[in-house]
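A, B, C, D and E label the chains in the order they appear, each numbered from 1.
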Amino acid sequence: MSKSEAITLQTFTQGLWKENPVFVMMLGLCPVLAVTNTAMNSLAMGVATTFVLVCSGFLVSLLRHVIPKQVRIASYIIIIATFVTMADYLIQAISLDLYQALGAFIQLIVVNCIILGRAEAYASKNGPLKAVVNGAGMGLGFTFALLCLGVVREVLGSGSLFGLQVMPDAFQPWSIFVLPPGAFFVLAFWLMLFAWIEERKRKGGKAA
Amino acid sequence: MSDADAMEIPPQPSALRLIATLGGIAVMSGLLVVSTVQLTAPRIAENRRVALERAVFSVLPGAVRRESYRVDETGVVQTEANANLYAGYDESGALIGYALEGAARGYQDVVRLLYGFDPETETVIGMTVLQSTETPGLGDKIIHDEAFHENFRLLDVSRPVEVVKAGEKTEPWQIDGISGATVSSQAVGEAIRRGAEQREAVLTFHRADRADPIDPTDRTEEGGTQ
Amino acid sequence: MKMKFGVPPSGGFSEDASATSTVSHARKASRDLKAPGGSRLKAELRSVFRGSFSHGIHPAENKQFTAGKAIRRLPFPERLVLPLSMHAGKPSVPLVRKGQEVVRGEPIARADGFVSVPLHAPASGVISEIRLMPTARGPRTLSLILDVYAGDPQEVGYGAPADVGALSPDEIVTAVQNTGLVGLGGAAFPTHVKMKVPEGSQIDTILINGCECEPFLTTDHRLMLEQAADLVEGTRILMRAMGAKRGIIATEDNKLDAVDAIRKVLKPNDTVSAMAVETKYPQGAEKMLIKSVLNREVPGGTFPSAVGVGVFNVATTAQMGQLMPMQRGVIERVVTVTGPGVQRPGNFMVPIGTPIRWLLETCGFSGSARHLIMGGPMMGGTVSSLDVPITKGCGGLLVLSEHQLTTEAQMRRYPCISCAACVKACPMHLNPCELGRLAYKGQYETMAESYHLNDCFECGSCSYVCPAAIPLVQYFRIAKSSNREKAAKAS
Amino acid sequence: MSEPAVQLKTSPHLRDAHPVDKIMRHVVYALMPICLFSIYQFGLSVLALIICCTLVCVGTEDLFCRLNHRPSTAGDWSAVITGILLALILPPSFPLWMAAVASFVSIAVGKLFFGGLGFNVFNPALVGRAFAQAAFTVPITTWTPAMVQVRFKEFIPSTFTFPFASPPDLRPWMDGLPIDGFTGATPLALMKFDHIDTEAAELFVGTVAGSAGETSSLLILLCGCYLAFRKMLNWKIVASVLGSAALFSLVFWLKSPELYPTPLFTLTSGGLMLGAVFMATDMVSSPVTPLGIVLYGVLIGVVTVMIRLFGGLNEGVMYAILLANAATPLLNDLTQPRIYGATRKPRRKEAKA
Amino acid sequence: MNPGSAPAIFLDAFLINNFVLAMFLGICPFLGVSGKVKTAGNMGMAVTFVMIVSSLCAFGINKLLVRYDLEFLRLICFIAVIASAVQLVEMTIKKFSPALFRALGIFLPLITTNCAILGLALFQTAREYSLVQSIAFSLGAGAGFSLALLLMAGLREKLDLADLPGVARGAALTLILAGMLSLAFMGFAGLGG
């Protein structure tokens, strides 16, 4: 693999659809299920995760020649934990309400397999710029997935979107969608939908 | 994957190098974290203060200034850290009441709330839910339901509070429950009931405070709530 | 084989329809036969205290067609077909040439080794051919074709009186082999092999199996009534050969008259006794009967000798009692020809090798029924051709009606609904429900490893009770044979 | 004699079993008296509810079979059972559009998603009910009094709520009812939150508020007896559910009779009887092994009483049965029968690597 | 029951706010290792064990950090401590009970990145649990995780033999099952309240 490979659009878009961390690779599901009861929470979680992904990717990539293999996992975890702590404090500074809504799940970004996975599989093998672009793509893909859930859950479960009421007053909210079972059901629904779309695409491709 | 990688490495770097690398990273991360903490600390403190005051003032109508105390078995002490009792004063500096925390097991999880307590009349004068995960649309009415909150505008707590069914409140120490959300309403009542001991301590403190002329703060006698 | 059904023809089953089309009626009718001596209630009350195994089923007995009919001899057919392999084990080796004349009772094939038996001529005549013929077992096998001399007196020309009491156990075993006896209950396993007590085992009880739990069949019932003396004699021979202290002749309590008949020929304080057990399918399975009579369980993968028991069929034992003192060979057997598709059902003593076509014609076979079963309806196999002969192991010929076939075919297949009827039915206490689900997905190895597939002896109780019409036992047969093939390939 | 075409088949050549559709049909028959009683008791709204649920259930089953290009399984009566049962465990005032949603979820998610009849791991009707309970928390806990005089003349106002809209507040309607002395609260709620006992006779006959078809213990028992007598229902499940529930509540009642209800109250109130007779006994989602069946019943009984006495809800039958359904595969696994001749209990084979 | 009492905390983490089904912690192993009952049982045991150990460690570490006003290092310390605790546990088991090690072996390293463990440490710190409360919490969480995992594994084993429609294969099936379990567990709400 040549190190000087150009940054292509694909480096970025990879994480959005084809290797979407949630819908395709089924990684980092804990926050996907836990904090998506409102779109705002989803967005904040997505941004925080993207921040950690990009920063840790950059740093890991920068230090990739310095860190010996034996301690690489430990080093990555420390680096990730550092950025997560930073994200944690930043969110506290931005909005305490948001911080309370996300709860421990901000700190749990540390054990989000996407980040360690990216550090191990991508950032440690590619240049800083590529790592950043790829991390951003993955983060966006993750945010997209979170929003997919968050929007559905908030609109159906509370009749609002980003806290603004979007449904008519008479609308009966389906509170199951903001409850834990709803999270599982909505994610399963999205998975089935995407599987179906892929199936259709494949069939279409074959027929053409 | 890591197993295979580990096996491929013939030259073993020295332990010193490993430790040095880890140490270096640790130092770097320490720097990053500390600087972030330093940078955000004032904002966070400010956020906390605003949130706290918002809650305290909402349960003590008319209050604009607060003082923090801690109440426990040993009594009441003035403190900023670990505070769980707040005295609220209006613009003229008159004491409006005390804000106390309460908690009880709700339907899904613990319900934590803050309520305003007027020591002179021994009544609750306001309540806000700090934390709850009650059922949306049903139990979470304890947060916003106007009719329910009406109960806490003036609730006699000199005797144990009772939660009765919606619309059946006849006595000043009774709370009109939310229909269909009995457990959640009960939890709020329970949280307030449990605070009796705390309130006792607060009352003792309040009376002593009143009687004590060497109070440093500029509080005038005529500022009572009679 | 797929088949189309037209309107069921009015003939054939119409006269018996009342007895078979409604199960409850049939059951009632058979209950009347249960206890000829006493009332039905009394019999039922008695059966509460009878020994039995747990689980099992109660199919409609349908024995009323033939239970009251004494064993009759039929004229000899013109031609007999004698497969050299009508027993389990190695095929016999012919002793005769094509065109050779034989006398009734003459050995015409010898045993090939220990697990094999000789064959005797069931009639006087001439061996017209030696060729491959279809058999009920499926593949064509080498058979002797015997053209029977018409008008011959058909006296048994072979055999000499012998004092069985003077023989040693080993000599008895050899003598039994010479008679060509095999398990006449259906398994057709050479009897003398079963009589050989395995080393390290001690047999204390000989159990004579007269349960005949299969619906429709009545051969054993008639034998016990009519040949009680031979039966008891055979039991004594078996006890001596295997060193057992007691012999028990067990039958179901719907045949209490048989118990009485046997008791009549017993001595006071006899070591042989007769008893009745609960009427239930598959009471006649060795393991079930041992449990019912002796309350012993045969450990999985072992034989009854492991618990000190030797189990023999009534027909086998009666034949032994009859043949041994004369040193003769097996040349005939009792067959129940029955079912709604037969006009004149009955129990017949027929020569081995009688083609079933001849037998059916003699009994008034309407020709319209297509469901022909050799053996009982629960475990017997369908017959592929009417040219198949009656072999030593065949005790019944059952012709089911068109009507039954259609009702069967109308039963729609459903997925398993876990109703647990099969679990309650399985006499081995297996879990056919889970086994069926596994079989459906082809997980045959898991079935054997975790769910005791190999302990299933294919009694068919599970299929019988399945409301979803899942062919469970059929699945299990496929699974077993697939596993066997796989094991054979691996080794 | 013509040569007959012989059919080749393997044994056994006889069968004697009620076919699946017959069993299902008889369950429907057994549910009919309960339906009639609930219509008599709550009026037109329940009739509409039963029809709506049944139609949507059967329609969903049929639709999905068509979509999957499979032969329709709507004719096997199982969807009808699901529909009727679901209607019977909903409050009489439940808006029809919500009932339709619940019915759709019952069949689509509770049954067809897992492969249809025979593979559903949960009782479909309860899946629908649990979904509705979580989704529409308020309407599903809104009870109306039984035996209202106008019940055959008018629908309960919430029945025909516009789809996706929230139902109207029923309190004005109930206050305007010509009779008083009837209460909309269920006996269980009265017991739990106000410690008001309901007459045992009323509970037994069923002239109390509650879900449409759960009120009359007597009728449910009779219908259950019919099925048990026809061997279409496993009485052992019913016995172990009711027995364990009675025993478990007896313990607490003896300890403090003023705080806890009598075992008789436990048995006759709420949905325990309906659940035990018609839902716990759902063959597909209950264990098959003899011991497993008993444990399953005990689990339902104990969890129900546990939730009723110590939980936040006043009724727990639905959750108890769903939990027991979830535990069914494990129960089956752990209680494999000891086979004839086995020297020791069969053990699970190691999972294949 | 007093909400702060150990039994209440145990019950809460075990049934009411089940770690997996209500709190969404440990979803990855819940989805990944729930194919077979046997493996699920082992995984549940391993996780419970590590939970208890790391809960104790986290409790001690937190005391130290609070004492020296270093709360901002909490996360970094916790993750490091959990990783080493898992290593330690692995080595201890290997030494003292090879049979148990064989049963749990491959699962132990996986547990490091199991968010249920870190979540446990973070929640017990945030809720300011005492030592006894922490132990009750970790026991409840472990039992809850194991229960959910076992139920799921049983269901999935059963559904292995079903005729699933195309859309229901793989993760979607597991998620729907998890949703159903989560629904069923809602019945425990308010238990002991």
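The rule is short, and it goes like this: a contact is a pair of C-beta atoms (placed from the backbone, for glycine too) under 8 Å apart; a residue touches a chain by one contact, two chains touch by 3 or more.
Note that the coordinates shown come from a computational prediction; the quantities given were computed from them, not determined experimentally.
Listing every chain that touches chain B and chain E alike gives A, D. Central chain assignment: D. Criterion: smallest distance from chain C-alpha mean to the mean of all protein C-alpha atoms. Comparing the CA-atom centres of all chains against that of chain E, the greatest distance is found for C. Per-pair counts of C-beta contacts peak for the chains C-D.
Taking the CA centroid of chain D as reference, the farthest chain centroid is that of C. With centres defined as mean CA coordinates, chain D is found 44 Å away from chain B.
Spacing of chain C relative to chain E, judged by their CA centroids, is 60 angstrom. Rounded to a whole number, the gap between the C-alpha centres of chain A and chain E is 22 angstrom. Computed centre separation for the pair chain C/chain D is 48 angstrom, with centres defined by C-alpha atoms.
Within chain A, residues 74, 78, 81-82, 85, 89, 175, 179, 181-182, 185 each touch two or more of the remaining chains.
Within chain C, contacts with two or more other chains are made by residues 415. For chain B, the set of residues touching two or more other chains reads 29, 33, 37, 106-108, 135-138, 183. Pairwise, the chains that touch each other are A-B, A-D, A-E, B-D, B-E, C-D, C-E, D-E.
Of all residues in chain C, those touching chain D in their complex are 1, 3, 23, 53, 57, 59-60, 215, 287, 291, 297-300, 302, 361, 365, 367-373, 375, 377-386, 398, 400, 404-405, 408, 411-412, 414-421, 423-424, 427-431, 433-434, 446, 449-452, 455, 458, 460-461, 463-469, 471, 473-474, 477. Contact residues on chain C toward chain E in their complex (touch as defined above): 415, 437-438, 440-441, 443. The part of chain D that touches chain A in the complex is made up of residues 98, 109, 131, 134-137, 139, 162, 164-167. Across the interface of their complex, chain B is touched by residues 63, 66-71, 73-75, 78-79, 81-83, 85-86, 89-90, 92-97, 100, 120, 157-158, 173, 175, 178-179 of chain A. Only residues 68, 109, 112-116, 118-119, 121-122, 127, 130-131, 133-134, 303, 306-307, 310-313, 316, 318-320, 322-323, 325-330, 332-333, 348, 350-351 of chain D touch chain E when the two sit together in their complex.
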